[in-house]
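Next up: some structures, all given as structure tokens.
Across the two complexes that follow, chain A remains constant while its partner is chain B and subsequently chain C.
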Partner chain A sequence: MSLLELRGLSVRFDTPAGSVRAASDVSLVLEEHDTLAIVGETGCGKSVIANAILRLLPENASVTGSVIYRGMDLLKMSEREISRIRGREIAIVFQNPSAALNPVHRILDQVSEPLLIHLGIPKRRAVHEAEGLLRALGLNGAGRLYPFQLSGGMNQRAMIACSSILRPKILMADEPTKGLDQSMVKNALELIESVRSESGASLIMITHDLDVALSSSDRIAVMYCGEIVEMGRTEDVLCNPDHPYTKALRESMPDRGFRPIPGNTPSMIDPPEGCRFHPRCPFKMKICSRERPSLNNSCGRYVRCWRCI
Partner chain B sequence: MNLARYVISLFVILSLNFAIPRAMPGDTMTNLLGEDVILSDDLVQEIRREMGLDLPLREQYIIYWKEILRMNLGYSYHFHSPVLPLVLERMKWTLLLAAPPVIIGALLGTLLGALAGWRDSPSTRLQTFIFLTIYSTPPYFLALLSLYIFGFHLGWVPMKGFYSTGSAGNIIHHIMLPVILMSLFSASRNYMIMRGSVIQERRSLYALYARAKGLYDSQILFRHLFRNAILPIITLIALDFGFIFSGALFIEMVFSMHGMGNLIYSALMYRDYPVLQGSFLIITIMVITANMIADALYGLLDPRVRGR
Partner chain C sequence: MYLRAQNVSKVYQEGLLFRRRRCVLRDVTVEIEEGHTLGLFGPSGSGKTTLARILAGLDHPSSGAVIFNGIDLREMRGHVFTEFRRSVQMVFQDPESSLNPIKTIGRSLREVLDLLRIPGDEQAGIIKEALEVVGLSEEVLCRFPRQLSGGQNQRIALARALLLNPRILILDEPTASLDVSVQAQILNLLKEIQRRRGIGYLYISHHPAVMRFVSNSVCELHNGMVTFRGPVEKWETGAEAGARSTST
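So, the complex of A and B:
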């Protein structure tokens, strides 16, 4: 049994402008100690997946499919049951740590909170444990301070401490490097990796940065317009992409010619018929605009393209 | 630094307190003596001089400050009593009438408002409707209406104020209806503000993160949102304490109670400067004290305000 398996996960947001299909038919498997990156441009639905797994989406979202964690379907659980999974079994790190931490509580109280909530251990012991973790993460003495007194990087450390203090089985990081400068990106990734390997957790790294994906994951899922278009071993996929979108993404990187992908991201309310990438695809065929390709598996490499069948 | 600000405010307000009654139209002497009393001009001048009203304003102002520092608020010719004991006596009743509603209203309003903002259900919607109706009805109208129903028709409460002052039970019997009414008013306002505040905070990222950490439902509200959402209420409650004395005016009039509101009203009618000034002085001190307490509370609840 896999640790986590998404089967045909689809997310739709009902908005006054129409229904936004943020994720369509996403299926993937995460094994223990696995590191998986989900990449794609802004709005492709990668963060939606992470939030759908923990059922953190707003009320106007309707989620179908299933999210199987150790044989249990998280989507079918009661709110009470899923709240016992959140933070303890599956934890998430958000991209904006300074806004994700409560402005009026001390860092130490926030980091120790999961211990109180999930384990019900005495406050003093929880605080003691949180102090130890903060020290280990290089935040000695910051526990008595409030989020507004710390830098963004320190807040991120605090949030990582907070999300990992219960040694969850799965750690999800939602764009943890967004808005950080290069040296900070390296620090953040090292921190996440050390926390992950120390607790033996699996990692889902959500990022738009291919270099981050390359350095932090064994496997990668490339998303476009709510769909997984290519999935496989990170190095294989990024060094030798099969899907035209992955190729185009690769070529838009500064070290690969900086060539932008022609056209615009399609509307998620009314996505293109057939293959969703076909209006921008340099290799399109007739069938591409008519029929939607499925995600085909060849030797562990999944590609959603008519050319790769 | 803060203290200096309060001292300066006190000084400015007390100076205004001196100026405003003197800027009002109408002659003090005429009011004091009554319209039909005819005195010779000499006698009027004599009295004027005795009371210091012939002095230039600058000197009156200096005397005003001297007397304030001596805790002497003057003598009321209308009530035939020194002002300070008069005001203190009335204040007692107003405090008894108006302080419980501020506290009950704060507790009830913030708690129910927080729950209503947290979850939308038919019962909270009904609650919001009821509080909104109370909030938008003029207090004196609701006071009259309830007096008519509970006092006149049902006879549950007395029609008139504290005249039969006596045992504690008797006093409670008298102030029950006005206290309930004012509590509901204060609660309805706090309810609306708190509800809006919680709705806003509910959408914040830290609330989502609290959920992601595994907090269950109202744990998020009480452990994370409440303290952030209550900040705007603190200012309002501080203002409430300032307005207790003047704000109870309508209620005191309707229920014929002899409190500060009634006192200020009669002082206004008779241009009784000393009583007006004395009352305003008390209100000023109350407002500034309440603000000081609010500032301290803010600092306690919100670390970002602390030490600034």
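So, the complex of A and C:
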């Protein structure tokens, strides 16, 4: 049995302007000790998936499909049951750590809080354990400070400490490198990897940076407009892409000379008929605008394109 | 036309009784010319944005001078200063926070034309033309900034700066908060606009590959001091530079 499985997960937000289909029919599997990257442009539904797994979406979201964690469907659980999964079994490192941390509590209190709430251990032992973790993450002495007194990179470490102190089975990192300098990106990735390998957790890395995905994951899922368009081993997918969107994304990278993808990302309220990438695709055929291709599997490589069938 | 920072230094003072002085820029000289792109490279905290703000006239240097077309910024009065403000425009890092959230895109753009005292009936045509330059359709005019994507907002911010027909454009990491594919679109768009209008750019970035792609010459800052200045072909540090300065 796999650790986590998403089956046909769809998320819809009802807004006054219409219903936004943020994720449609997303299916993927995460094994133990696996590292999976979810990449795609802003608004393609990457973060929505992470939040849907932990049921952190706002009330106007309607979620269908199923999220199976160790044989239990997280979407059918009561609020009480899911709150025991959150943080303890599946934890998330939010994007923008400076905003995700509580500004009026000291770092040490925030890092030790999960131990008090989930495990109910005495305060002194919790604080002691939290101090140990902060030291291991290179934040010695920062525990007495407040988030505003630390730099973005240090807050990032504190956020990682909060999420990993309960040694969750799955760690989800939502854009952990956004807005960081290149050297700090490397530090953040090394830190996440050391925390992950030390606790033997699985990792879901959500990012828009293909370099980050390449250096931090074994498998990758490329998303476009709420759908997974290509999935497989990270090196295979990024070095030898099959889907036209993955190809175009590779071409817009700095080392390929910043060649842009023509056109704009479509509206999620009214996505294009057929293949959602067809208006921008250089290889489009007649069938592409009429029928929606399915995610085809050939030897563990999944591609959603009519040309690859 | 040119814009030059001549031996500019900037010191921030902290504290009321026990003054602590922090020097962010030390004796920096850079010059931006029309039709050329000067890349300003350096890790975060090296003083790039401070220098940009001083060049745009949004901040004053502690010593040294900013010279626009031979005139010192401090000596400018009346219409000369207005002319400077129009000719030198700045595009900020975060597009969403540089547009007013309670005004529609159309209102934000018309506001600029009102300041230029352009009559209402001519405005629609000018705005349409500006949108064409940045590759957007007129349907965005009735929307609010939050209803547009980051890339679209950055295009609007760019269109708004271009309405004034500037000669020098200061771009403070305009693609830092955007996706790789949108970054590629904006960078190519900037190059195209420069080719057609001959605007001079000061392009700030901490990304060496972006720097090499957009600039003709590069100025590298570390802890407020210039460590390299010259044509981009001779610029070598790049990749390791960011790592070096933060590790020490």
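Here, the second predicted complex is superposed on the first by the 309 of 309 C-alpha atoms of A that agree within 3 Å, B and C clash if a C-alpha of one lies under 4 Å from a C-alpha of the other, contacts with A are read in each partner's own complex, and residues count from 1 in each chain.
Everything that follows uses one rule, which is that contacts are C-beta pairs under 8 Å (C-beta built on N, C-alpha and C of every residue); 3 or more make two chains touch, one makes a residue touch a chain.
A quick note: this is a predicted structure, and the numbers were derived from the prediction, not measured.
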First, second, both or neither for A:G87, with chain B first and chain C second: first
Complex interface listing, chain B residues touching chain A: 204-206, 208-217, 219, 223-224, 227-228, 301-304
Residues of chain A that touch chain C when the two form their complex: 41-43, 178-179, 181-184, 186, 208-210, 248-249, 252-255, 257-261, 264-265
Residues of chain C defined as touching chain A within the complex: 43-44, 149-152, 176-185, 187-188, 206-207, 209-210, 213, 242-243, 246-247
Contacting residues of chain A [partner chain B, same complex]: 54, 56, 79-80, 83-88, 91-92, 94, 96, 99-106, 113-114, 117-118, 146, 148-149, 159, 162-163
